[in-house]
Every structure is written in C-alpha cells, then in structure tokens.
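The two complexes that follow have subunit A in common; it is paired with subunit B in the first and with subunit C in the second.
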Partner chain A sequence: MTLLFAGLAVGAVYAIVAYGYNLTYTTSGVLNFATAHMTMVGTFIAASMLTGSGMPLWVIVGACLAVGAAVGFLVELTAVAPLTSYRLRRSGTGGAGHGELVTTVGASTVITGLAFILWGSDPLRVPLFTQDDRFPFLGGQIRPSDLAVILVAVAVGLVLHFWTRRSRLGLASLAQTEDRDAAMLQGINVRLLSSLGFTLAGGLGCALGVVVGSKTLAVVGFALVLAIKGFVALTLGGVGSHLGAMIGAGVLGVGEVMTARWVGTDYRSTIVFLIFIAVLLLRPQGLFGTARGRTV
Partner chain B sequence: MHLLALRSSRRSHRARLALAALAVGSLALTACGGGASGDTGASASNKDPVRVLFVGGKSGPTAQIVSETTQGLKAGIAEVNAHGGVGGRKMELEVLDTGGDQTRAVSELQRRLSSGQKPDLVIPGVSSVEALAMAPILTRQKIVSINNAASPDLNKPDQYPYHFGYTPPGTRQQAGLPAALKKLGAKSVVALVGNDAYGETMAQGVKSNLEGTGIDVQVQTFDLADLDLSIAYEKAVSSHPDAVFFEAIGEPAQRLVEARQVVGATDIPAIGGFGINSTNGGPSKWASAEANKNLYTELFAATKYVAPADRSDVLKTFFKRMNDQGGVQNSVLTPMIFFDIVRLYGAAADEAGSTDAAKVAKALEGNMKYPALVMWKKHHWSAKDHFPNPTSADLTFAPRGELADGMFRASNEN
Partner chain C sequence: MTSILGRLPQARPLVFLVAVALAAGLPWLGADAFWLRQIILIVLLGLVVSGLNLTFGYAGELALGQAAVYAAAAFGAGYVATNYLNDVLVLLVLSAAFAVLVGLVTGAPGLRLGGWMLAIGSFFLVLLIPDLVAIVGKPLGGHEGLSGIPLPQILGQELTPNGFFVVTVLTAAVWFLLFRNLVESPRGAEFRVLGSGEALSSSLGISTYRLKLKTYAIGALPAGLAGCLFAYLDGYVAASSFGLHATLMILAAGVLGGLHTVYGSLLGAALMLLGPMSSSAFDDYSFVVFGLFLLLGGVFLPKGITPLLGRALRRVGLGPRPPVHASVLPESRDAEFAPITGGRLSVHGATKSFGGVHALTDASLEAEPGRVTALIGPNGSGKTTLLNVISGYYRADEGRVELDGRPLDGAAAHLRARAGVGRTFQTPTIPDELTVREVVRTGAIRSEVGLLATVLRLPSYWRREREATREVDAILTALGIAGRQDDVAAALPLGTRRLVELGRALALRPAVLLLDEVASGLDREEVAELGHVIRRLRSAGATIVLVEHNFDLIQSVADHVVVLAEGHVLAAGTAAHVAADEQVRRTYLGAGPVERTARSAATVETPGALR
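Right, the complex of A and B next:
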C-alpha cells in the first residue's frame, strides 16, 4: 500500500498538469505547453511566502491564483490570440492550428527564464507541512504532502468534470471543442472563452503549485519534466476528459513507482512508455476519450 | 640634370626615411614580442605586468562563485606581488564577463586575444563546460590555463598541454571514503547515485577506492527526473547495508536527504558526497535535525574549521589577504583554490625564469619549489597528470555543522 500511495501521489502531480492542458484545450482548442510552468511559478511563490512571512494559507493561495491568472491571460494574449486573428483574416476561420504548439513552448521558455532570474537555480522547500514524515494510513504509510496532493487532485478533477458538464461555461467549452463554427453561430464568444480558459488554467495551475511544491520542492527545471509527463497522462486518459486525465495520471504514477521499486530505475520510463504505446494502439483516443469520425 | 639629381636625391632621402621607420618599427615589434613571449628575468621590462585573465560569469547564474573566485585571485595576486611579483614583474588581474554562458565566454576570449596584450595565465571560467569550450583556443594560443573544473576530459596533457585542474576529478574525490566507512564501522555500503554520467563516475570512484578494503559495495541508481526519491532510497536500504553513500548535485540532493527521512532510514549512517555538501550550503543549512541524524558529508580537509590560534602560517596569510579583499563571503573553498592557483603559477614562472607557456607548464609538471598551499598538503601535477590526486589526508567527512569563518565546523565541535 505504501508504494501504491507513493505512486498515486506522483500521478496526482501529473494529473494537476493534465487538467491545465484540458482546460485550455476545451476552451480554445490549444494545448498550452506553458501549463506546467504555471504550477512551477506557484511552487516558488508558495516557497517565498511560506518561509518566514507568517501569512495565512488562503492569502498565499490567493496570491498564486492572481499571479497565475494574470500570466495565463498574458500567454493567451501574446502567444495564442495573434495566431487566431491571423488565421481569421486569412481564411475566415479562427480555430486553433499547429502554430500554438510552438508559441506556447516559447511562452514556457520565457517563464522559465524569468523564474531563473527571480528565484535562481537552487531548489527551495515549500514548508506547507512542518512534519512530513510518513504515518500509518489504510494499511500502509503515507506522507501528509502525498495525501494532500492526492486529495486535491481528485477533488479538482471531480469539480472540473462536473463543471464541464453542468455549467454554462463548461458546456460552451464542450460546444467549442465539438464544432467551433457552430458554437460561434450559437452566439458563443469563442475569443472570450479562449481568454477565460487560459486565465482559469493559469490561476488554477499556479494555486495548485502550493500543494505540489510541498511534495516536489520548488525547482525551475521540473516544469519541463511535468509538462512531458502531464501530456503523457492526458493522452493516456483521453484528451478533453478530466476524469480520464485523473485516471491516466494515476496509472502512470503507480506504474512508474512499481517499476522503479521492483524492476529497476533504468527500466521505469521504458515500461511506462510501452504501456502508453499499447493503450494508444488499442484505443488511440485514450482510455476515456471519444473517437470522432472525420470526412476525407 | 640638376632637377633630375634633386628628384633622385629626394627619392633617396624618402627611401632612407622609410627604411629607418621600418627598422624602428621592427625594433619596437621585436621588443613587444619579447615582452609577450615572457622573460621574467633581467631582459624583460619590470614594468610589463604578468597578466592574469579571468573569463567568467560576473553576471548570471554563476555570479556568486565568480565573485568568490575573483576575491581568491586578488588575494593570491596581492600575496605574490607582496613578495616581489614574478621575477620582479607585478601580477595584474583582468576580468571578462561572460554572463555564465560558455558560447559568450569563447567569443569574449577570442575578442580579447585579438586585441591588446596576450595574457600569461587564463582562468577559463568556473565550470567544466566553460573550461572545455575555451581549452582548444588557449592551447592554440599557447597560454597556460588553470581553474577548478573537475572534468576528466580536461586532464589530457597530450591534447591540452597548458591546462591544469585544481579540483580532483570525480573518481578521485572518494579517496577519503574507505577511512570514513571504517570509522563508522561499516562492512557493507550501498552507493546511491544518479543515472547520468556524473553518477556513473561517482559509482566508479566508490568502487575503485573500496576495492580490496573488505567493504562490500553495491551500486544503485536513481532517475534524476524522479519526483519521489523515497522509492529509490527504500530500495537502497532494503538489503540492510551498514551505511549508504549517496551523491547528487542540486535539487536531487535535497530530495535524497528528504527521502532518507521519509522512509525512516535515519538510523542507518549515510555519507553524502561533495555534491550534497555543495548544494545550497549543504544539508546542515536546509534539512531538518531528523534528516541530519547520522548523516555525514564529505569535505576537503582544508575547509574543516581550525581555530584562529591553531591556524598554519599559510592559512593565516590567506585570511589576512582575504580580509584585505572584503573577507570570506561564504565558504573558503573557492577562494582557497584560486589563492593557490595564482601562487603556484607565480612559483612556476619564477622557476622557469619566463612566462612562456611551455616553460611554465614544464615547471608546473616538475618538482619545482612552491609556497605552502592552503588547499592541498602537496603539489600534485606531473607530465602525465594535470589534476590533483588527493590522499585520504586531504579529504574528510563531518556530521551536521555550520560555517565559521567560511570553514565547516561540526556541531559536536562547538
């Protein structure tokens, strides 16, 4: 059970990044590769504010939310909106294209550079828990930070799942993902939706950095690792599905930890990617994604 | 005729003037060339300084270590100059800022070499990446270079005959490990290292140094990108070793120390390598008391605390010169290295009677007279080995502690 908890905690971190991908994908059709970097920024803000400031947690989470939302908004404004407008002028349709894959990677590079300048290359502790030793839990042992990140990831995943299916904004996002032109004809402001999606994903990712950092430390270089692993989790679960991202990330995390413990660290990535390839061969849309027909 | 003779005479006069100008120019060039080729004896002008060029990132991520390096170089230069300089010539320091970027370092070095006087000694940055980038140019230009980079790729006298290293390569950094493990009473040890080239080098160093000591060694690797190193640590202690040796630099170092506490393995003695100790001031600074329980870190013996009254003459001189430069900023390690480097170069140039790179390199490789060093017990370089080869006396280990006067003082020594 201890290993299972450790794997679920690793998976929970990947899930948090995967939710960010889903949020921007459903609202604008763009996979924002700066998503993990928002979480990284959150870990540093938390590390700075939790160390010696004596500020209450809600203030720290609020600060992360505000900073992340502002950065997310700026990323959309500078790395996504200009390409959408350009396509709209050229072909009359303003949907997402492949260019955003490059521009959001560019945005992530800028955020990484700024983080290096602001906080340096040394890792910082995020002391959310004063004692983070394992304690007995459900027949195994778990760290408070691991339990916190698992609970938060599950709760956020469920909220996002129901938000997408029940709220007007969530339904508008789904409509936009299904057929952007039809959504526009229905009066959905897709431009505003895209901006809102990036702002929300940025704020959420950054705020969740507080709990992620308590497990991972605040490290600039980790954003890239999380960006890749979060993407694998997302593809495994099915792009667009928050529940799928949660379960895909869980499978990935547990698979990694079990392989590292019983097979060997060197085989960890190999075995995990073999599972990934096998799933995609059998279900290209991922575990919880929806297969769509395409007219050719 | 007269007119023609006059014209001819004027042409002849101009030609003589031109020849005279050429001759004067040639003499001047020869004089400059003589100076640059570097005699330190009576034939060289005592006004011509011995130029030390430090190409390092004054700004950027290496700013702190570069600041400490500059202090050490200035302290060493002040000491050499106080003793009459190099063959009567004063040493001078010039620093080029590279922003910590090796590409910029190469272009800055090339720009500097193509303008102005050739430097006699170059400090090619503070990392292996920088030193490896600059080494080919410095070799072509026949300039002696010395720094703290520990990459074994730089220890190739055939390829880089004028480059010398002052920090031992990874495999030699574990020379103190057998004595440390024996002191802990350990008969078996697991070496937990990253799955990269650095980790591989460290594992080789541990195995080669423990060979024939009777201590059983097992090597286990961990993924540097792993979010949770507690699994790797748990696996390492699952074979119930008497001790664990682990090594990493930066964020994995902190993660490993944390993992040791998370899995409840603080009762098993652990020795953290030099990388663990150099990360963010070492675990004494950032890890909890519980995480530091039975945790020792490797140290260069020179950086272990010595009370002022017990300090050797050379250590007292080092501190005096450092105080003149504003005092030790953080740890003594970096300034000590460069304090020694400058004085060794000065001694070699004195011995060679020249700052000519080949002659100085030969002196550095031989049994030259050299001043007492602060970093090592003795000078190590030879024609086949341009890096230090420390003995167990040069390396030690210590439990939790703090920096006092920039030296590491274990808590139990207070």
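Right, the complex of A and C next:
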C-alpha cells in the first residue's frame, strides 16, 4: 500500500503536467513543450516565498498564478502566435506544428536558463508542510505532501474534465481541435482562444507547482524529465482527454515506483520508455483516446 | 567580373576538392593544436547535425535522438577499440552500422505515429543515456565514464594528431559528398515528399513505412561516424557529454545553419562552437542563449541563415541566379499528350461509415478509358470519401474496387498508386522549394534506380535521368507549363500549381486519374484552360474521374456524371440527363434540404489529426 501511494504521488505530478499539455493542445492545437517548466517555476516561487517570509498560502498561490499566467501568455505570444499568423506552420520544417516544436523547446530552454540564473542549480526545499513524515493511512504509510499532490491532481483533473464538456470555452476548444477552420467560421476567436489556453495552462501549472514542489523539491533540471514523462502519461491516456491523462499518469507512476523497488532505480526510466514504445505500437490512440481517420 | 565568378557554380566539384584539400592541409598551413581541435569539434557537430537535417529538415520527421546515436557510437567504438580492435577505418564502418541499427530502433514510434510522439520518444532516449550506461556498468565505465581508449591506429600504425585530423576531415568530406548526391537527386526528393505528408508520398507509390525506416537509418549514420571519431579525440567518453546540452546544441546548430541545406550544418556548428557561446562569460546564460536561438531562429529564420548567405553571394555575382518569372497565366499550347493506356475502374457497392455517420452507402461507379467520369454532389455527400476509398486512404466497410478486373481492396495506398491509381489533391500538396520540373519528376519516383547507384552517380543513374528528363519534358510541354519549369512550384498561382499536380500524377503513368476538385479556386480563364487540358488527356486515352463543383466545367468535359447525395448515388447519366433530373435539381443545383446535413459529415471528412 505504501508503495502504491508513493507511485500515485509520482503519477499525480505527471498528471498535472499532462493537463497542461491538454489545455494548450485543445485550445491552440499545439503541445507546448514548456508546460512542465511552468510547474518548475511555481516550485521555485513557492520555495523562496515559503522560506522565511511567513506569507499566507493564498498569496503565494496567487503570485504563482499571476507569474505562470504571464509566462504562458508570453510563450504563446512569442513562440506560437507568430508561426500561426505568418502561416509558417507548413513551410520550412515540413508538417504542421513542427515549427512549434522548435520554438516551444526554445521557450522552455529560455525559462530553464532564467530559473538557473535566478535560483541556481541546487535543489531548494518547498516547506509547505513543516512536518512531512509518513503517517498511517488506509492500511499503508503516506506523506502529507504525497497525499496533497494526489488529491489536488485528482480534483483538478475532474474539474477540467467536466469543465471542458460544459463551459463555453471548453466546447469552443473541442470545436477548435476538431476543425480549426470550421471553428473560425463559427465565430470562435481562435487567436484569443489559443492565447487564453496558454495563459490558463501557465497559471494553473505554476500554481500547482506549490504542491508539486512540496513533494519533489525545486530543481531546474527536473522540468525536462517532467516534460517527457508527463507527455508519456498523456500518450498512455490519449491526447485531449483529461480523465485519460489522470489514469495514464497514475498507471505510469505506480509502474515506475514498482520498477524502482523491485528491479532497480537505474531501470525506472528505461521501463517507462519501453511502456511508452509498447503503447505507441499497440494502441497509438492511447487507452482512452479514439482513433481518427486520416485527412486528405 | 561575372564571367569568372559566374562560372564558379559550374566548377563545383573542383571547389569541393580544393576546399577539402585546404581543410585537410591546415596542420601544415600553420594551424595550431587549439584550432585543429576546434575544427575537429565543428566537423563532428556538423556531421551529427547533417543527420538532423535529413530527418527533420528534408523528411519532416521529428527524430531528435541524434545525441543518443552519437553516444551509442562513441561508447561502442571506445569499448571495441579498448578491448578488441583498434583501427579507425574499421571502427568507422562498424560505428556507422551500429548507428544505423540504433537509429532504426529509436525510430520505432515514428513508424506508427510520427510527429510529437517521435520527438518526445527521441528526447526521452537522450535522457536515458546515463541510466543505460549505469545499467551496463563496468564495460562502459559506469558513472565515471569510459577512459583509457587507445590512440587511433590504421593497419597497426599509430596515427599522429595531424594524421587523425586528416582522417576526420576526409571522413566528413566523403559523408557530405554522398549526402549532397543523395538530397540533390530524385531519391532525395522522396524525403521532401515525405515531409509534405504521408498522403502525398503514398499517392506516388512510395511505401511510407520503408521510406521512414530509410530516413532514420541514413539520418543516424553521420552521428555514428562522429561518435567513433569523438571516442578517439580525447580517449575518454562520458555520458555527460551527450545530455540535454548536446541535444539543444544540435538542434540550435541545425536551425541556425538551415535545416534544408547540405553544408549549413557545418556553418551552424561553427557558429555554435566559435560564436558567443564559446566564451566562458556566457556560461551562466548558455541555456537562455540557446533557447533564444531556437525561439528566434524558429520564428524568423525557419530556413536558417545559409539561404540568406546564398542570396548575398548571388548579389555579388556568385552562385546561380534564380530564374526570371514568366507570365502569370499558364501558356496555352496544343501539344498532344503521349498516348495513355487508360484502365477500367469499377467500384461496386462501396459503403463506409465513420462512427455513426454513413459517409457512403452502396455507391457504385464505372470509369472507362477515353472517357471523363464526373462525380458531383453537395458538400459532405461522400465524393472525397469515395475518392479516398478508391485510392486506398480509407478501407471501405463493404464493396469492391477493381482496376481492369483486378481487385484493389486489400492493397495499401502506395500499392494502388503503383497499380495505376494516380490522383491530385483538393488543396495542392507540393513540397517546398522544389521546382516545377522536380515536382513533376517526383511522380516518376517509383521507377528510380537504387540508393547506391544514386549516391555514387553510377552510369545507370545518368541513364535513368536522361530517360526521365524526356518523359517530364513531354508532360511539361503538353500541359503548357514548360516555360515555368525552373520556378519554385509551391510559390506559383493556384491554377499553375494544379497543373503541376496534374503533371506529377501523369508522370506516374496512371491507368486511372482521379482529379479532386481541380477547378475550385480558379478563375474563368484558368477553368477554360483546365477543360482544354482534360479534353486532350481524354483523347490521349486516359481514364479520368473528376470530382467537381463547377457544373460548367462538367458540362464541357464529362461523358458520364454520377450524382452523390448523403453517400448514395442519386442519379447517373450524361450531364444533360443529370441536369434535367428533378431530384438532382432540388438537392444539388438549387440548395435543397440535403445541404443542412452536410456539415456533420464534412467534419468527419477532415479530422484534425495530431501530428
């Protein structure tokens, strides 16, 4: 049970990143490589504000929201919008969206570099819980930070899932994913939607960094690992589905922790990689995605 | 002045030889050890980046695992050199073979999905390098790295540092020569075709599966060569040399140098290693600078700086001048098309549904040689679905497709193209940067000579070239676009691009020609010109299936018209017969009640697939 909880907590962190991917993908058709970097920034803000200043939690979360939203907005403005508006998507690097890979990787690298300059390369503690010792829970042992991450990830996932299906913005996003041009003709402001999606994903990802950091510490190099494993979780669950991302991430986290425990720490990422390849080969649409026809 | 400089481009082999000789001779021209080392590093990075140029630049495949292949080859070569066999030349060959293997394995996710899945998969692999080295443990030196790699030897003779420098330069020279020969050939055009989408490559009879494998294999090869040389350079290999930093450096060098270039990779590598990045003052900012390079390069210089340099060179009289543009309208020539052996296409009871939407229900069609069969119907009536069922992009749930009595049903799209199903696309799909002549030439790709004959420019290559040139000449002339043969096709007006697509489909020597809304977006004059072309194709014996909205064009060319509505065949007959049909008039020619249901089906036809 203890191991299961630890795995779910790892998965919860991946899930939080996967939601961010989903948010930008559904609103702008772009998988923002810098998603996990927002969360990384959040962990650092939380680390510096929680240490010493004695500010109330809501101020810190608010600050993260604001910073993340600003960064997300800027990333969209500099790395995505120019490519869309100049119609460069199809030229230069081949297929649609390939240009965005280069530019969002660029944006993520700039964020990494800035975080490195601001906060250095040493891991910082995020003392959200003053006492973070394991306590007995449901027949196992769990840390408060782990429990918090799991609960937050599940709650956010459910909210996003229902919100996408009910709200105007969510439905507009779904329409955009289905057919961007058709959505535009229906009066959906695709430009605004894209900007909004990045801002929202940035703010959310950054704010969740407060909880994530309490579990993982604040480390610069962490963002890249998260970016990739979050994406793997997303692939497992099926791109576009928040619920799928949540379950995919859970499976991934538990699998990883079990591997580390029973096979060896050096193998944990390798096993994740093999799972990733296997899923892509056997069920490319993910466990919860739907297969799509091809476009001509 | 231009008389001397203007002749330089024709003397390219000579320029290449002189440049290589100069580079290899640098140790004797006074370059010191520091510079020789810098140049070796630039050459190694340039090699790795040129692999990225092939996969990402030309073929549009996001295989970014070059750093992983580089690492695999370096560790492999270092291990073999230390324990078994120390000979640079043998190890270069072995490393290349090993790299090809690694490239194929890491490309696996790309085969099914491509795009982002491949990108993340390859990034992931780079992250795994330290783990994998640790798992293998002692033979690779574990966390400390593999040290004690002996000095390089050839046939038992130990190489001097200058000798190693020469080997490095010559290895790179051979690679870049073969790479140039590959990308500047019809075989190389295949990669650009793949970069424009799998739909296009399979419509030209190219097996995407095999072509992707080929891309991953060839793209990994130079990283293998570089890895082997890297192991010898310092006699020491550690996992930390191939991490994120290396991956970003490779990507940034590629983007800066220009992903669609042969030698741009060397320029990008030089900028990365000698530019501001090399000074230690930038150490703290190195990630920010890398990131800005990628961000700004990706936004403002999607083609890198090499093309800019090329333009600058042309301005001072060097390099080939771009051809002057001719008139905007396609020239109307009456040259005859060479006789075409059309086939008989029959579709019986094709049925296809997507989820709950019935896109096609029991649709049948007969198209005969020397006749134009038109397919009309409102948006979402199933025209394009039917076309896709014929060309193999969709498998019909029920029904048969036959060409000259041979069933096509089980065959994949590229096999159908080879069997003689040629087509054009609603939105012309033309690879960037290819000229009109080159695009039309890509239609004849399936009968190309092999890879080896191409990169070595064997006599069989030139024979095939001459033969293909004649074919393409005939097509260009008959279509009236011969005057624009050297223009970049993707930049031409829509009407001309449609003719170019038609020419490409003709180069395939199709038994049946599927034209998907060829007249949409054309002005009256262009439509008339197109009608003229189609009529001449018909007299040449082609079997033509025309999906069209423009009823004037249909009346002027179609021998037989099939009307689709909501996936059913509503009516069939001559244009006059169909136009007189009461039901057709109600649902199609005047906007009737069917129009409203069109939207739901239309969204199914164009799903935004994740790439």
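For this structure, a couple of remarks:
Here, the second predicted complex is superposed on the first by the 285 of 296 C-alpha atoms of A that agree within 3 Å, B and C clash if a C-alpha of one lies under 4 Å from a C-alpha of the other, contacts with A are read in each partner's own complex, and residues count from 1 in each chain.
Here, contacts are C-beta pairs under 8 Å (C-beta built on N, C-alpha and C of every residue); 3 or more make two chains touch, one makes a residue touch a chain.
Values in this document were obtained by computation on a predicted structure and should not be read as measured data.
By the touch criterion defined above, A:L31 lies against subunit C but remains apart from subunit B after alignment on the C-alpha atoms of chain A. Touched residues of subunit A were counted for both subunit B and subunit C, and C has more of them.
In the superposition on chain A, contact is made by A:A79 with subunit C only, not with subunit B. In the superposition on chain A, contact is made by A:A6 with subunit B only, not with subunit C. Once the two complexes are laid over each other on the shared chain, residue contacts for A:D132 go to subunit B alone; subunit C is not touched. Once chain A of one complex is fitted onto chain A of the other, the partner contacts of A:R191 are absent, as it touches neither subunit B nor subunit C. Contacts of A:S269 after superposition: both subunit B and subunit C are touched. Once chain A of one complex is fitted onto chain A of the other, the partner contacts of A:V232 are limited to subunit C, with no touch recorded for subunit B. By the touch criterion defined above, A:V102 reaches subunit C but does not reach subunit B.
Residues 116, 221, 225, 266, 269 of subunit A touch subunit B in one complex and subunit C in the other. Within the complex formed with subunit B, the subunit A residues making contact are 3, 6, 9-10, 13, 116, 120-123, 125, 132-134, 143, 215-217, 219, 221-222, 225, 256-257, 260-261, 265-266, 268-269. Within the complex, the subunit B residues that touch subunit A are 61, 195, 220-223, 225-228, 230-232, 234-235, 250-251, 254-255, 258, 261-264, 279-280, 286, 290. By the touch rule above, subunit A contacts subunit C in their complex via residues 25, 29, 31, 78-79, 82-83, 88, 91-99, 101-103, 105-114, 116-117, 177-180, 182, 221, 224-225, 228, 231-232, 235, 239, 264, 266-267, 269-270, 272-273, 276-277, 280-281, 284, 292-296. Listed in rising order, the residues of subunit C touching subunit A in the complex are 56-57, 59-62, 108-109, 112-117, 119-121, 123-125, 127-128, 131-132, 134-135, 195-199, 244, 248, 251, 255, 259-260, 284-299, 302-303, 354, 384, 388, 393-394, 425-426, 432, 490, 516, 602-611.
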